[in-house]
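Let me give you the structure first, and then I'll get to my questions.
Naming follows writing order (A, B, C, D and E), and every chain is counted from residue 1.
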Amino acid sequence: MGIPDTIPILGIRWEDVLFVILAATMLGTGLLVVTMRDIIRCGLAMIACFGALSGLYVLAGAPLVAAAEVLVYIGAISVLILFAIMLTQTKSAPARLVFQTQAVPAAIAAVVLAIVIALTVSATDWGAVGQRIAAGSEEIARTLFSGYLLPFEVVSVLLLAAVVGGVFLAKQERGEPRL
Amino acid sequence: MIFDVLIPLIAALPLAGFALTAVVGRRLDKEAHWLPVGMVLASWVLSMIVAFSALTASGPFADGGYGVKLWDWIPAGTFNVQAGLFVDNLTACLLIVVTTVGLLVHVYSIGYMAHDAGYWRFFAYLNLFMVSMLILVLGDSFLTVFVAWELVGLSSYLLIGFWYRKRSAALAAKKAFIVNRVGDVGFALGIMAIFASTGTLDIRASIEHLISGAPLAVPLPVIALLVFTGAVGKSAQFPLHVWLPDAMEGPTPVSALIHAATMVNAGVYLVARANPIFGRAPEVMVVVAAIGIFTAILAASIAFTQTDIKRVLAYSTLSQLGYMFAALGVGAWTAAIFHLMAHGFFKGLLFLDSGSVIHAVHDEQDMRRMGGLWRRIPITYWTMLIGAVAISGIPPLAGFFSKDEILGEAFKNGFLWVWAIGFVVAGMTAFYMFRLMGLTFWGESRVDPEVEPKIHESPPAMSIPLVLLAIPSVLLGLAIGFPPEDGLLHRWLAPVFEETEQAMGRHAAAYQFFGIDGVLFIATVGIAAIAIVVAWRIFGVELLGLRLRPRRELATDATTANGLTRFLYRASLNKWWFDDLNDLLFIRIGGRVAMFLWWFDRTIVDGAVNGIGALTGDAGRGLRRIQTGRVQNYALGIALGLLVMAGSYLLIVGR
Amino acid sequence: MTNSLDAYLILAGLLFAIGTFGFLARRNAISMLMSIELMLNAVNLSIVAFGAFIEPLRSQGAVIALIVMAVAAAEATVGLSIVIAIYRNKRTPLVDEYDAMRQ
Amino acid sequence: MSWSDVATIAPLVVAVLAAVAVLLVDIVLPGRPRPAIATALIGLAVVAIVVLLTGRSDSQAFGGSYTVDALTTFLDVLFVAIIALTVLFAPDYLEPRGLPIAEFSSVLIFALAGIMLISAATDLLLLFLGLELMVLPGYLLVGFAKRDPYSTEGAIKYFLLGSFSSAIFLFGLAFVWGLTGTTRADGVADALGQMASGARPVSAGIAMGLAFMTTGVAFKIAAVPFHYWTPDAYQGSPTPVTGYLSVGPKVGAFALILRLFVEALGPLRADWLGVIFVLAAITMTLGNLVALTQSNVKRMLAYSSIAHTGYMLVGLAAYAAGRIEGLEGLLYYGAAYAFMNLGAFAVVAALQKRQGVTSSLDTFAGLGRREPILGILMVLFLLSLTGIPPLAGFFAKAYVILAAVQAGGTVGLLAVIAMLNAAAAAFYYLRVIVYMYMREPATEQPALEHGRLLWSGLAAASVLTIAFGLLPGPLLDTVRAAARAIAVF
Amino acid sequence: MAITDLPLVSAITFVPLVGAILIAFIPRDSVGAIRIAALVTALVAWVLSLFMLLGFLPGRPGFEFVEVAPWIPTFGIEYKVGVDGLSAVLVVLTTTLTWISILASFSPIQTRVKEYMVSFLILEVGMIGVFVALDLFLFYVFWEIVLVPMYLIIGIWGGPNRIYATIKFVLYTLVGSLLMLVAILATAFAYQSGHGGDWTGAFDFESLRAFAATSGFADTFQLFAFGAFFLAFAIKVPMFPFHTWLPDAHVEAPTAGSVLLAAILLKLGAYGFIRFAVPLYPSAAHTWAPLIIVLSLIAIVYGAIVALVQPDLKKLVAYSSVSHMGFVTLGIFVFQPQALQGAILQMVNHGLITGALFLLVGVIYERTHDRTIAKLGGLSAPTPVYAAAFGFFVFASIGLPGLSGFVGEFLTLVGTFQVSPWAAAFATSVMIWAAGYLLWMYQRMFFGEVTDFLHSVGHHLVDLRPIEVLTLVPLGTLVVVLGVFPGLVLTVVSGTVSSVLASVDSASAVNLAFWQ
């Protein structure tokens, strides 16, 4: 704990610096995800984005969520997506346009959405806003298995259903062309 | 009471005749006439009994008439019309004319229609007409009269259109019915007005109420005018006169019975029946007189130039009916009925004669293809001559007494203009009648050479009625019209008209032969005689053994002359263009209006409906375009929806 | 200052908007799927932020975030299987060419 | 967790077990449809029995996040019936196409579990999970005919847009949760009640949350302008799936509305009334107008289902304007709509037993003569959809209209709009009858043999369609009780 | 057990349904059996209805043979049926024309006979139901039921453009009736609100009428509710300018369909006005009356003039229906006893006469497959009986006194005259127009020489067959009987008339001053 809370000369808190860096990384890579031409690079950018996000979770005092983020998103979902990208990558595809013809309206809509959300957020009194408090794993576990037991169980059913159906859809039938 | 049965039977017998003939007539074929003729004969006998009882005021008729109530016809709350019949002296007079002429025409038709394929049909229709006409004169409520009014219209329609294959006959039938309906609208409205004012439609009760001076929902003159409209239609007065000449498309017995002797008189009867109303509406009386006398001269002027024998008679009928209305209008009620009866007989006779002529020359009606027939068909000739003299107003035949009385009363009641025109018309009548006689019977024959040898006198079934009709044509005036203004008829009808005449304040002075009446007498007879002589000069009429070479060139001069003469000639020939006017108004303009409305219906009214449908469909077709099939478009739509939703909620919550 | 609830929420909002843009603009089905993942992560970020800054939500936040992650995983599974299935049929991952059904 | 909790959620557990059992039977006896169907139907019957047993008394479990009341029971029975009918209708369509009935039934019953969860959930997170559990199998089922390009196209469109809307919904959920501090419906209602009564400020964040959640839900019920997925997904789906999709997830999403908007967000009724009003009006209008122009029956019925969403929203609007009859009408409509619409799709599916038969209107030409009984049944369902008395659709429509009339004012206007729409709608429903009875087919085809399951399903659907119209009493009492369970005034 | 204890009305209403169900089980190839079964069913209903009419005590304003059973007690909706004079007369009219129509369909309908007969019998259920329902909800149910079989009858067995016509018919009618549903529900709700939230009797006609009599419904409310009812009924009648579905529907419908459409279906609207719209919303009825009277007058004259130029026989008769039904609405809304009685009589007469005219048009269509007037001509010669029958009904339609058409029209006019002579005069002018278009048609069809077209028809051009005579004779007899003894109808409906007019308070008759 030798590191001081603030950057000595600038007087800015380290946490803030870290927040800014992580936030910038997240937004930047997020933008790359939606704008880059090569879809594989998009996937990689998404992994980076999720990495930055898990950093933010740590900053927000939710290390457990951060860990889950790394495991689930980076470890599972992103890899799954990369596999899917590989599977569906046709040779002729990259030459095509990345964007729809409606990219401009889409951008406008997204910007307006962002502005609306931002204005709303700042206009709202969020009530009892305290200092960041980190919730311990034990506390989370207690919450999960008391108040949120049923959701937890339902999630398992959801995953089961998804797997059953997903396997049926994705599996190759006899006589079907290989991907 | 025996009359409770007899009076309904008068109408019921021909009704039975009609119904039975309609059902079984086809199988009876050439024997189909027995039933209808028998029924009419029975009806005639009953009528005579009833009429005699009524005119002699014997038995139940002592109290000004006798009525029979049959059943509650329309029991609609306060609107309660009973089906009932009523006989008073006016009805009795009409009954005599209707059943007598009707019977004779039935008999005549046995011969006239003998070779027609629709023999049984004709007699069925004739019986139907008899029923209708009898109900018309017997009906005791305005609505009953109206029913009969329409039914005679129907019979007339059926009989005019009897030879339905002829397009002209079909058209004439339709025209007659529709033009009549114009008048009927007025009559119907008049009946409504009477009910609205009096709460009853019983003729006597409602009239009593109308003249009682009680406040009326509709002014009395309006009611009178509306009723008169009906009369104008049925009696073919100007401007609804156009149907009658065309109605000559029907078989000649029909023309005689319906379009001369009976049905067309219904208007006169109606006005006479409603005399207390008219008597209290002097302004309407003037209208009646004016329309009557105008029709008289108009029709007479047209009759001058017609070449179809029946059409001349038709215009003559119009003219004589005009006389009757003029009489009604000047308050000469009895004279009008007198002329009605006389005219019924002699015009019926004339028509039957013309039928006999047509029969003789094999269905030729054009007088330009006749001539010199008098030796070939003497019975016809002599009876027709009687008719012609009668209508011309030569004493002592029937027409003279009635016509003289009309003109006399017009003059004495102060309607000088009516008298003046009537006087001229009297001369015109004599002229065109003798023009007809001349063209038909005298001079050299212009008959088709092929037909010429086959000309023959009609069979007894036809000639006997002619003779029988000639008798009243000669004697009626002397029998019931003499002495003038105080004859039998005047006494008969006094109960009917007395009250009105008193109300109008006209106490006619006694007939003065050596005074004004004598002068008028001489004038009338004089102009008739002059006219006959002129006709004789021009058309070679051989009268009482005097023979003169016809000077037809006088007539042809008129056709080729210039100026007013030529105009008058053309106007007469073209019937003053009334048919053309109607054609323009109702067929061309009316047709255009109807076509326009139909176009309007399809394009605007229905167009609006279909337009809404089409608009809905177009909206659907437009809206379905937003379903582009591309996910991103959908997503953008959702995103925009989200933004709108957010905006709305922010507005709602921030309110 | 920057390290406040508002900052996190705005950040979440921006990520959500980026995801939305990607979803609206990209043609590749997998790109769209990735955009959705970005949006879900944005939601998660907001959830974690609420949990971090609002006292009563402290432990709930993490739990809900975890459950949302699991849901996202299930969705991804289903989504990718559908993508593979349609790729078998259409031989292209570009969704704007999937417009056999329209209007 | 206690045993009483387990007892309360027993129907849910049984449903999941039934879904797994179908899979297991298929593993033991692979490729044999009959045992799988039997298992599925028996499982559904057990679910129904358990639902009725559980529903005898109101109870709550898991700290009030799971509630069994009259509404739960009514909806659960309805959903079991919907799923059972879908299972009955499916084999005739799936077997000729070589599609496995076991997976189909299993996934379907998983969806049932999701819907049942929605009907009972009084917790925002559970509602979201129930929603996901309902729609995820839906995505799979739409793409179930995986070699059919239409099917997979419909699936990907449905999936992408559905996930998009889920994310939107979730974002809104997070906001509301953050502002009210709880996910329990009653807690949310309390907090919002305080805001509505002025004790706490109604913030922009709540508005945002409402907007996002309304959007998400509007998407699921296919309300305009969030309906885009509906025609494509409906048309692409295997026809029995379309039938299910048009009623299951739709009525399920309405159940979500009941639990979420009526219960949790009830205090803000006045705020969402206006939005629902507009949604109702444009939804029924657009649905009907576009349906007018369709020549494909499935697509037409898709638009028609959008229109029916609009009618149901009229009931919701009437409720928001203060009439409990609106809620009752909505529930009645849901039940009536479910059976008549399932029936209509079942007839379409039955016709498509022969492969390659499209669902275009021409398919129906001469049907009345070729297959008289199917024809009569289709007429029945179409007339009910039109709203001709004395059929279910009529009474349902009359009910929501009554509610709107009672609400009066602007909402009363919805009644007029709805009726004008119903008149326009008659055009396209009747046009199907035109094809069936008044047009001759281009090529005459022999009648098809239809399975006994299909007939029994059709019999059930038609009997209910008639019964709900002719003798509405029992259902009426049920929906009134169900509405009373959640309505707050 | 008294006769009134038997569920006679229900029996009349549902006998055709039972028959329809039985027919559904007859094999479709047994065409003869199906026809006989349908005819027998219709005859049974007819006999029962005659029995009811005989057992009906005339002149009493209340309802007889009332049957009540709870249906949807939650909303106080009952199965309540019963008849008063008006209903009784119209029910008998319906049952009479139904069996005639079925008999008239024996020969023309050769395809899908089973479906046809079932449709017809269900149609009869709906029509009778409308006339006997005393519960507004039940009334609406029957009202809509009528649509479906008629839709099928026109659509399946109709002419070349039948689909357009039938869809137009149904959609047009639906637009009106659906709004009426809103009004019915609103009325019931207004009643319920006025009775402390109690639904009992909220749909019951008698209790609603009693409530209306105590000015229970606010004036503004009445205006809107009446407006909705007006739209529904005006479309059905049909009144100008809502009439354009009628010519299309008539032209395309099969003969018997046209008969029932004209004879009964159009009466449903007029019946609705008399039974429901006027007594329930008396103040609105007064407010709306001038507009309705003007529309009626337009319909009377406009229909007749447009009929003049119709090239198609059925269209001509259809437009004549518009004109004739104008009298009915006119008679209702002048609120005069004579006029209302006349209107009711006119309903019956129009049913008989126009029904017969459509049967007659069907006769020539069956032989020539053409209804273009211009192609016909001279039919009197080859088919004299047909010509006579046609002529008879043409003159009945013209309103010839002695036949039934006259009395109804005249009573209407008399009543109207007392309110507004100008209106009466305008309406009376139709005497001319009607004679014009009907006689012109008759002349073109039957007079003149036989046309080449008819020659080409050759030996198919036969005179009336016995079965056709059998369908026409009862109608002709009734036309004569009611022309001579209209009291048969007038006394039976007098009770209805007085109770309806009592509810609108005819003393304060319509204010037509603005155009008098």
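Worth a mention:
As a working rule, a residue touches a chain if its C-beta (ideal position, glycine included) is under 8 Å from a C-beta of that chain, and two chains touch if they have at least 3 such contacts.
The structure displayed is predicted, hence computed values, not measured ones.
Shared contact partners of chain A and chain B, listed by label: C, D. Annotation of chain A and chain C: jointly contacted by B, D, touch as defined at the top. Distance from per-chain Cα centroids to the pooled protein Cα centroid is smallest for E.
Relative to chain B, the chain whose mean Cα position lies farthest away is A.
Counting contacting C-beta pairs between every two chains, the top pair is A-C. Rounded to a whole number, the gap between the C-alpha centres of chain A and chain E is 72 angstrom.
Centroids built from CA atoms put chain D at 26 Å from chain C.
With centres defined as mean CA coordinates, chain D is found 32 Å away from chain A. A straight line joining the Cα centres of chain B and chain C is 97 Å long.
Residue positions of chain A touching 2 or more other chains, listed in rising order: 100, 102, 105-106, 109-110, 113, 116-117, 120-121, 126-127, 147-148, 151, 155, 158, 161-162, 165-166, 168-169, 176.
Multi-chain contact residues, meaning those touching two or more other chains, occur in chain E at positions 171. Within chain C, the positions touching two or more other chains are listed as 16, 19-20, 23-27, 29, 32-33, 54, 56, 60, 64, 67, 71, 74-75, 78, 81-83, 85, 88, 95-96, 98, 100-102. Every pair of chains meeting the contact definition is listed here: A-B, A-C, A-D, B-C, B-D, B-E, C-D, D-E.
Remark: chain A residues 13, 15-16, 19-20, 23, 26-27, 30-31, 33-34, 39, 42-43, 46, 49-50, 53, 56-57, 59-62, 64-65, 68-69, 72-73, 76-77, 80-81, 83-85, 87-90, 93, 96-100, 102-103, 105-107, 109-111, 113-114, 117-118, 121-122, 126-135, 139-140, 142-144, 147-148, 151-152, 155, 158-159, 161-163, 165-170, 176-177, 179 touch chain C in the complex. For chain B in complex with chain A, the residues that touch the partner chain are 630, 632-633, 636, 639-640, 642-643, 646-647, 650.
Chain B makes touch with chain C in their complex at residues 624-625, 627-632, 635-636, 639. Within the complex formed with chain B, the chain A residues making contact are 100, 102, 105-106, 109-110, 112-113, 116, 120. Partner chain A is touched in their complex by these residues of chain C: 1-11, 13-22, 24-31, 33-35, 37-38, 41, 44-45, 48-49, 51-56, 58-67, 69-78, 80-85, 87-88, 91-94, 96.
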